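What follows is a set of structures for review.
Both complexes shown next keep subunit A, but they swap its partner, so subunit B is in the first and subunit C is in the second.
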Partner chain A sequence: MFKKAVFKQGLIGALISASVLLSTSALADSSLLNVSYDVTREFYKDLNPAFAKFWKQKTGETVTINQSHGGSSKQARSVADGLEADIISMNQAPDIDVLYDRAKLIPKDWQKRLPHGSSPTSSTIVFLVRQGNPKQIKDWDDLVKPGTAVVIPNPKTSGNGKYSYLAAWGYVLKKGGTEAQAKDFVGKLFKNVPVLDTGGRGATTTFAQRDIGDVLLTFENEVNLINKELGNKFDVVYPTTSILAENPIAVVDKYVDKHKTRTVAQAYADFHYSEEGQEIAAKHYIRPSLASVLAKHKADFKPIDLFSVDDVFGGWTKAQKTHFADGGTFDAIYAR
Partner chain B sequence: MPASTSLLTTQTSAVQSTQYSNYQNKVARSRATSEPVWVRWTLIAIVLLFLGLFLIVPLAAVFTEALRKGFDTYITALIDPDALSSIKLTLIAAAIAVPLNLVFGVAAAWAIAKFEFRGKSILITLIDLPFAVSPVIAGLIYVLIFGLQGWVGPTLMDYDVKVIFAIPGIVLATIFVTFPFIARELIPLMQAQGKDEEEAGLVLGASGWQILWRITLPNVKWGLLYGVILTNARAMGEFGAVSVVSGHIRGMTNTLPLHVEILYNEYNYAAAFAVASLLAILALVTLVLKSFIEWKVARNAEIDEKS
Partner chain C sequence: MAKQKNVLPGFNLSLGFTIFYLSLIVLIPLSAAFIKTTDLSLSEFWTIVTAPRVVASYQLTFGASLLGALINAVFGLLTAWVLVRYTFPGKKIIDALVDLPFALPTAVAGIALTAVYAGNGWIGQWLEPLGIKVAFTPIGVIVALTFIGLPFVVRTVQPVLEDLEAETEEAAASLGANRWQTFSKIIFPAIWPALLTGFALAFARAIGEYGSVIFIAGNVPFVSEITPLIIITKLEQYEYASATAIAVVMLIISFLLLFAINGLQWWVSRRASSDN
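Moving on to the complex of A and B:
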């Protein structure tokens, strides 16, 4: 009989605690959920308290911002599948387009709602090599040499990987190469990739912790963070040209209407563009869009020749379809 | 049993056991059944090396890494609000999954071991399904059912019921992956015990509940406890299935294993290993309890044989 009583108590206790937990999360109405990609953790750790302070001063309301991080495409898919994000912040437009394509959570023209194509900040792909640059990696051409191991996350599941892939492709085109030459070049590049991690952070761990590979291709902000967090065991190499990686954000209409959080969510999105928000971005080596802030941090952001996805690939939708869709160029290259 | 017979039995068994141990010694000494010394020691050394490399070193590494930056960092990592909330969520998930699987496991094992019915083999196969399915697939199944693009997701959304990316989804995924443990533990045990005692009880006029509480359950109590411990360990340690349905919201839908992953991805290795050490401690406690139960069962069996 003892067991029965214990079991009953346990079950009732569990149900009560579950319902309490559920109801508290439903009651806290001035809380926002920001679903983001892997490498923005540190940025949002600074930005969120700053916004909460700003909002408290402005309206007297307390706002808590919950964060969810992961591989960008995986995160976007979760939101489309019902993860009720008030704000989505990604490192490429297609991951927000998914919300329109798959679930009609936002309007099709979401990019027109905020300045700079809804991208308050940007970054670019640079190289991280081991200290002293033992393989003498200077530019994209050095990456396709036989015997150079390059760590890039999977272009199908991470923005990081997509940008690296497109940057290499664009480099050949910018040099005056043909599409066929670009395909050949990218093919050689991915032959040098020993492991395809699913997300940016996984790739960093592979390179920095597991000591695999000679060079890691990742975002400029991530590179600086790695050096800060893991000691200066690495050197940063800026290639001659690279890709402009825009970091778009969007208020998820369907969910903010459901949560009645549109005003605060919109203010949060706008805060990314404010001088304070931009300053926080610059501090985390994310390129700000506000000219005054950019001028102040000129030394941190080496000027390299950047091309955008729109310039070279005719927009994300097209690039996504030709290169990363099932049966696209990446599949063809990687299967070889 | 009369005293003389009992004395006789003891004597016989004493004689038997001396003979048996002589025989054992002979076998041990004979060349046919033993390897040369160097072979034996090489084999033992290989096993020890293997154990050390794959079990003890990783376990030691978890604790050394966790304490690398000192005991204060270790404690700070554990009392961090996000860590506490992940501990709470893990306990909630286990507290719901374990009792439910306990009821289901006992019911299923009882039906399978004590009764004959149509479709029994299908039921056994179904119980094993969660073992065969990869946990990630298990998680995706729930996304397909309860997701916004899934079968019942849109309806649930209309009624504002959250299943996936919230606690119910995590509990469901946990229940799914721990489904077979108790039943699998009890079925062979109950089958070995047969149904003689239950039938005797029935003949003497016991009701169904009385048979269950007074005969069946006491007979399998150690096996049952063993199953519960394994279920609990798996429920707390599950990563794959829970990762798919969690949504990874810090402080809200992160379980312990997911929290470890997050900390690790934040380059916060000391904290990641500190939280991981909690899971390692859980594993060690599980092992100790498991050995204790095995010892208890063996002792009970011995007592049964002697009496």
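Moving on to the complex of A and C:
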């Protein structure tokens, strides 16, 4: 009898202390879920602890940031379908637009809420060739020569592929070519593609590990990572012009309100623009938007003539519809 | 006379549960796919599922799956035979190896196969000079589909072979049958239904396979693009209706083929029992 009472009291005590612990930790701690694409893993491994430290100093609160990585469209679809992300970071605006289009999780004008179209960083498409550049690949024109094998991931399923496709198209237009000439050029380019991987990392593997192709088209930050990871077996070639690949970020309104994490989520988004955040991006070969940081890393980011999707293609929605939707110009290349 | 009652009790309950279970796990998700396609008009549906590129992918998917399953039927039977009829050191290990394609994540299988069969891989470097390219061609698709389907035939034929009594073979031999006759008249009819089942399972598994194939296929439209990839591509572009339209066509074709194989199996086993 006595034993039982003690046990009961002990149990109640344990329950009370547990609930106190839980509630205090709920007061001081918060956690954010950042849903991102594939190749930002290394970047966020550095940025998240830096932000947690910054936030602790500023407010005394402990913040935990959970990451989810995967193919960009798939990730965006998960959030639209109900994965409760506080923050979404992608490498193309359409993958964030979908949160408005399909689920109304964010306002339509989300790109206006943060500087540079809500894109704290950017990248561009460059060429990676085998050491010594045996095929003498210097610019876009060299890619369409017969006998040159070019590795580009499928534009329908990957951001790298879309940007590479649009970069080639824009190159012709910037040279003064017509839309028809651009279409012809891009058609020739994809005739030289022996393997259409579904994602950027797959294409990297095909080129670097399987020895397929003479040149790989991918993001500047990916190229530098390859050289770092796989030894300097490759040379980077900067074409005369390329495309500006923006990396937009958004606070997911509906879910931060539900989780009551808006303040910290907003601070996290702003942190991307801070000098410290920009410095971390530069370290990972992602182009910072802050002029002072960019100037400091001038050697890493060769100035090339960059054009944006908005300038040349009238925005992503239009580009998507003209080029990548079913029956678009990309499908026409493979039509029979 | 009243309808004869089944001697085994619990028919209503167990049938009810079976139907409920199948509905929950199979029918409801599949009907969701069918309902999604009703967003399309009939002509839209037809245009999508008969687009030349999609038709080319059906040919590759079903053709490669069929070939992979046939290869597995032949070599899976041989493997099962070896595992049942002979004793040798390391037999347990080989027996366990057979199941590995089940356990391995398909992406790992795809990457490993590609590494081995690429022009600079262990096997690929010997095949390439002979003009045989495996990785990034339709042959690669067949290799991947053969790999993932291997356990099915072995595991369906093995128990039947084990249950086969040696006396019947001895009787056949003592009645003057040569080895080929013993095999074709005694052993083969007994394992034939199991072999067909294994073949059907391997075939069905191969049709739906995505993870391992995309790494080795090369994914070039009209050449090495499988139907599941086309479906994924459409999903990536948020074209849910057209993705499900193609999925529905795959489902129907698969169902008809499996139905035909089941029918064949039923016919074979009925003929076998009427022979006796």
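In this text, the second predicted complex is superposed on the first by the 306 of 336 C-alpha atoms of A that agree within 3 Å, B and C clash if a C-alpha of one lies under 4 Å from a C-alpha of the other, contacts with A are read in each partner's own complex, and residues count from 1 in each chain.
Just so it is clear, contacts are C-beta pairs under 8 Å (C-beta built on N, C-alpha and C of every residue); 3 or more make two chains touch, one makes a residue touch a chain.
This one's a predicted model, so the numbers in the text were calculated from it and none came from an experiment.
**Student:** So in the superposed three-chain picture, is A:T178 touching just subunit B, just subunit C, both, or none of them (first/second/both/neither)?
**Tutor:** Touch status of A:T178: no partner.
**Student:** Should A:R102 be classified as contacting the first partner (subunit B), the second (subunit C), both, or neither?
**Tutor:** both
**Student:** Look at A:Q136 in the shared chain and tell me whether it touches subunit B only, subunit C only, both, or neither; answer first, second, both or neither.
**Tutor:** Touch status of A:Q136: no partner.
**Student:** Taking the superposition as given, does A:T240 touch the first partner, subunit B, the second, subunit C, both, or neither?
**Tutor:** Touch partners of A:T240: none, neither subunit B nor subunit C.
**Student:** For A:N154, select first, second, both or neither according to whether it touches subunit B, subunit C, the two together, or no partner.
**Tutor:** After superposing on A, A:N154 lies in contact with subunit C but is clear of subunit B.
**Student:** Contact-wise, after the overlay, does A:R41 reach subunit B, subunit C, both or neither (first, second, both, neither)?
**Tutor:** A:R41: touches subunit B, not subunit C.
**Student:** See if subunit A has more residues touched by subunit B or by subunit C, and give me that chain.
**Tutor:** Tallying touched residues of subunit A, the top partner is B.
**Student:** Check the residue A:L33 against both partner chains and state whether it touches subunit B (first), subunit C (second), both, or neither.
**Tutor:** first
**Student:** Per the definitions at the top, what is the overlap between the subunit A residues touching subunit B and those touching subunit C?
**Tutor:** 102, 202, 205
**Student:** If we count contacts the way the header does, which residues on subunit A are in touch with subunit C in the complex?
**Tutor:** Going through subunit A, the ones touching subunit C are 71, 73-74, 77, 98, 101-102, 154, 156-157, 193-198, 202, 205, 209-212, 320, 324-326, 331, 334-336.
**Student:** How about subunit C: which of its residues touch subunit A in the complex?
**Tutor:** 48, 52-53, 111, 114-115, 118-121, 135-136, 214-215, 218-222, 229, 232-239, 242
**Student:** Which residues of subunit B touch subunit A in their complex?
**Tutor:** Where subunit B meets subunit A, its residues are 88-89, 92, 95-96, 99, 102-103, 143, 146-150, 153, 157, 160, 162, 164-167, 171, 213, 217, 247-252, 262, 264-267.
**Student:** What does subunit A use to touch subunit B in their complex?
**Tutor:** Touch residues, subunit A against subunit B: 1, 3-4, 7, 10-11, 13-15, 17-18, 21-22, 25, 33, 35, 38, 41-42, 66-70, 75, 78, 80-84, 102-103, 201-202, 205, 225-226, 229-230, 258.
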